[in-house]
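One chain, chain A, appears in both complexes that follow, with chain B as partner in the first and chain C in the second.
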Partner chain A sequence: MSIKVCNVSYVYHRDTPLETVSLRDVSFDVDPGEWIAVVGHTGSGKTTLAQMLNGLLFPTSGEVVVDGLKLYPKAPHLKSLRRKVGLVFQYPEHQLFAETVLDEMMYAPKNFGIPEDEARRNIEKTLELFDLDENVLSKNPFELSGGQRRKVALASIMVVEPDYLVLDEPTAGLDWKGREALFSILEDFRTKGTAIVQITHDIEMVLDHCDKLLVLENGRKKLWGTPAEAIEELAEKPVKGLVLPEVLEFAHSLRNAGLNVPLTWDEKSLLEAIEREVSSCIS
Partner chain B sequence: MDVEEGRWVSVVGDNGSGKSTLAKQLNALLVPTRGVCFVMGKDTKDPSLQWEIRKDVSMVFQNPENQIVASVVEEEVAFGPENLGLTSVEIEERVRWALKVTGLFEFAHRPTYALSGGQKQRLALAGALAMKPRCIVLDEATSMLDPEGRKDLVEVLTRLHHEGMTVVMITHRLEEILFSDLTAVLSRGKLAFYGETKDLLDSTTFALLGIKEPPLFKLWRNLKSRGLLEESTYPTVRNMVEDLVERLCL
Partner chain C sequence: MHFLEHLSLGQYVPAKSFIHSLDPRSKVLAVMFLITSVFLANTTLWPYVIWFVLIVIISSLSNISFKTVVTSTRPVLILIVFTLAINLFFADGRELFRIAFISITEEGLLTGIKMGLRLFYLVLFANITMMTTSPIELSDGIESLLSPFKRYGLPAHEFAMMMTIALRFIPTLLDETDRIMKAQLARGADLDSGGIIKRFKALIPVLVPLFVIVFQRAEELAVAMEARCYRGDYGRSRMRPLMWGVCDSLYLSAILFISASGVILDRWIL
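Up next, the complex of A and B:
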């Protein structure tokens, strides 16, 4: 049970003057319950990669294998695959189309042939996870606030209980309260074994949540490791379009100035290290 | 609230706190339901003054795509001045100036679609500047930019501000208040704080409103309270590092 991405390359408009290589020889795995953050500059290939994980695009070379099944155009298992791998686009609320929240949330279960009473139960469960009241079901999505619309859009994907959830810039346009709420929902799903692949250009946001970071630069895998490993690398060898969070930049500058401080975004340990350095220096 | 001419004011607050509504009052795109708003001494509710107000106050919005109308960079910048009925010499002069200030001079003859996101936002700013406004209002103008693009935009604004332009910057990135003299914090449509940015940083306003501060601000406050930083140090990486390095005579 995992997603395996092996030596994947992708070329847009192949054999035309517009030919553009988006991904080059990228490999990584996603295991159940893991939270992977894919970070990179605009045009680094993040979104292309996301769309490959549920068979919207297929590799030009290399392969994507989900739970042992290879993805290729018109594969018989594509439909069941799309239930397994939920894909949330940027601004998912722009895709709401039904007249009521209930119709919106029923759409995917119907599509995948889930019996209606089971779908109803799932909807109720999902609403609860998203902290949405049941009376939203009869509302038109456009009557809801921006934050609620985002929740409904996500909930309509989560209602078929995908094993893998791929989110493209899920926090775009949310303020920090909305962001915190979203992260706590994602953490809940992760605890239940759902794997999360989050596409983002903001490292600061994912450091506390992700298990592994995949850093892309011009379509190539630049870095793959735990947040702590990735931070060490990024501080020494900057990657195009990615900035270290300010706290880390601060720690890194102090270190370069000769202070013995850890490269950490944990405020408490940083504070203690600075205090220790200052007192040892003064004495 | 009052904003004196020549200041740089940040307006921050959560989604739905009223930031954009406030911004739109400043060039009479919206007028108060109750109360009054005077811009350069002119009542925004008076329809006969709105044209003058909009000449004084230019706006730049979040998405430059929604604001760019022409297909060539210099034509885009000339669009506003042309509407003012200026002579072609004057228009040309303003276009050249606005493109220079925003660092787009070499792109004058490029098609607008070929610009990057950051360049497009600077083009929107150039178009606004070509109106020679006394005040520029930016409504989340940095939110779609990458760090590089944000830096470029702020540099342009800093230069204009030094030359006396009033800047009102609506933002949800609290780090950006450090560029401004004054900051207004909105919460559910009310003014929760308005004053010197420095005083806001020292205050408990953010905590009281449940607004999450940038981690560096918090670290800065804690370092200060433990006497590890000078009172006058600003919460920027550069200032904080310089202060500590000096203290340790490294």
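Up next, the complex of A and C:
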């Protein structure tokens, strides 16, 4: 059970003067319970890749296989695969349309043919996870605050309990508090076995959470590995448009200056290492 | 469903070419001349051959392949075929042959072809012009062409500004629609099956967010324009003033000559 992306390429406006290649020959796997971060600059093809994972776009060449089933246009299993792979677009609150939060949350379960009582139970569970009050259900989503709207939008996707959750820049426009809250919710999902694919331009934000990093540059796979492996390489060969954590940059320059410190993005461990180095120098 | 997959009708294709470099006014006038003459000719088919050659030549001067120009007119092809069919089946005249109760007449066939070709040329030529003129140039051109009517109370500038804004937001809104549709598809929406009523109901989750976004954007744009002291036409200068050159005069007179000769040929010679 996994998502396999094999040698996927994608071309927009094919055979027209505006033809642009968005992805070239990208491959990677998503296993259950894994947290994968897809990192890249604007135009690196990360959003295109996200839309391929649940059959909203189909690769020009190569293939995407979800739990052993290949995705292709008009596939009979497309809808059931879309239930398995939840996709959260950037600014998901823009897709709210219903008159009440309850209707909004019932939309996906209805579409996927989930019985009403089961859907109800799921809604209760999801509300709890998102720390939303029961009485929010009767409210109009447009009356809610920005942060709550984001939560409701995410919850309305999560109620169908997808096995994989793909999120395109889920923290865009959120403050630090909202971001931390979102990450703790995502960590909850991960411990329950949901795989998470997070798409972002901000590498610093995901380093502490993800198991593996996929770095894209102009539609090509630049890097694929654990955060520790990835930063090692990124510090040596920076990718255009990708800003590394300041702490990491600092650790890298210290290293280049001949200090024996680990390449880390964690302030505390870097400080400890520096202290050790300094005290050993003095003694 | 995927708006971005194909080049849409009249979408501007930035390139460097003779046609791209012309003044938008000459291009707009050329379209008007050719279309008027296409609708004036109605006896024989010969002028249509001349005009076709003309359109092919213009398209080759525009650095956009003729195939691209034709394929992007696909959305109106149904209309053209429909026009042809209507004329073919419902015109009186000398019967050519008969299939069951439908009689095909010579007159019907001829008018059908002519009407179809007229529409086709209209769309084709307008399409080449739109593909080679940026929306901003186009509305500047139209504003300038309409400005003589200002003294009769025609709000030429406001009209052009409305057009610019509308044109400017078409791609943005298409993108937005595409995104919302995909977002709802990801939530299991079924947008292209079932009867008309079911389909319309399925569109509500797309239309409501789209309207919300449109109003938001309109509001933001209005504030941004106010903040930059936009006050209409009054005292407004241009970053790129329109320049009528020798090429424009040449282009326009060539088009005028060829389209007029088509009409003269049709009316008085053939």
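For the reader, a short list of remarks on this structure follows.
Operating definition for what follows: the second predicted complex is superposed on the first by the 282 of 283 C-alpha atoms of A that agree within 3 Å, B and C clash if a C-alpha of one lies under 4 Å from a C-alpha of the other, contacts with A are read in each partner's own complex, and residues count from 1 in each chain.
The criterion applied here is as follows: a residue touches a chain if its C-beta (ideal position, glycine included) is under 8 Å from a C-beta of that chain, and two chains touch if they have at least 3 such contacts.
Here the structure is a predicted model, which is why all the values come from computation and not from measurement.
Contacts of A:I157 after superposition on the shared chain: chain C is touched, whereas chain B is not.
Of the two partner chains placed by the overlay, only chain C lies in contact with A:K79; chain B stays clear of it. When the two structures are aligned on the shared chain, A:Q51 is found in touch with chain C, with no touch to chain B. Contacts of A:D175 after superposition: chain B is touched, whereas chain C is not reached. By the touch criterion defined above, A:Y12 lies against chain C but remains apart from chain B after alignment on the C-alpha atoms of chain A. Of the two partner chains placed around the shared chain by superposition, chain B is the only one that A:E277 touches, whereas chain C remains out of contact. Shared contact residues on chain A (touching chain B in one structure, chain C in the other): none found.
On the side of chain A, the complex with chain B involves touching residues 41-42, 145-147, 174-178, 180, 201, 204, 241, 243, 245-247, 249-250, 253-254, 257-259, 265, 267, 270-271, 274-275, 277-278, 281.
Residues of chain C that touch chain A in their complex: 2, 4-7, 11, 13, 15, 64-65, 68, 179-180, 182-190, 204-209, 212-213. Across the complex, chain A is touched by residues 14-16, 117, 146-148, 172, 175, 210-212, 214-216, 218-219, 222-223, 226, 228, 237, 240-241, 244-245, 247-250 of chain B. The touching residues of chain A, counted against chain C in their complex, run 12-14, 16-18, 51, 54, 56-57, 79, 82-83, 86-87, 89, 92, 94-98, 107-108, 111-112, 142, 156-157, 160.
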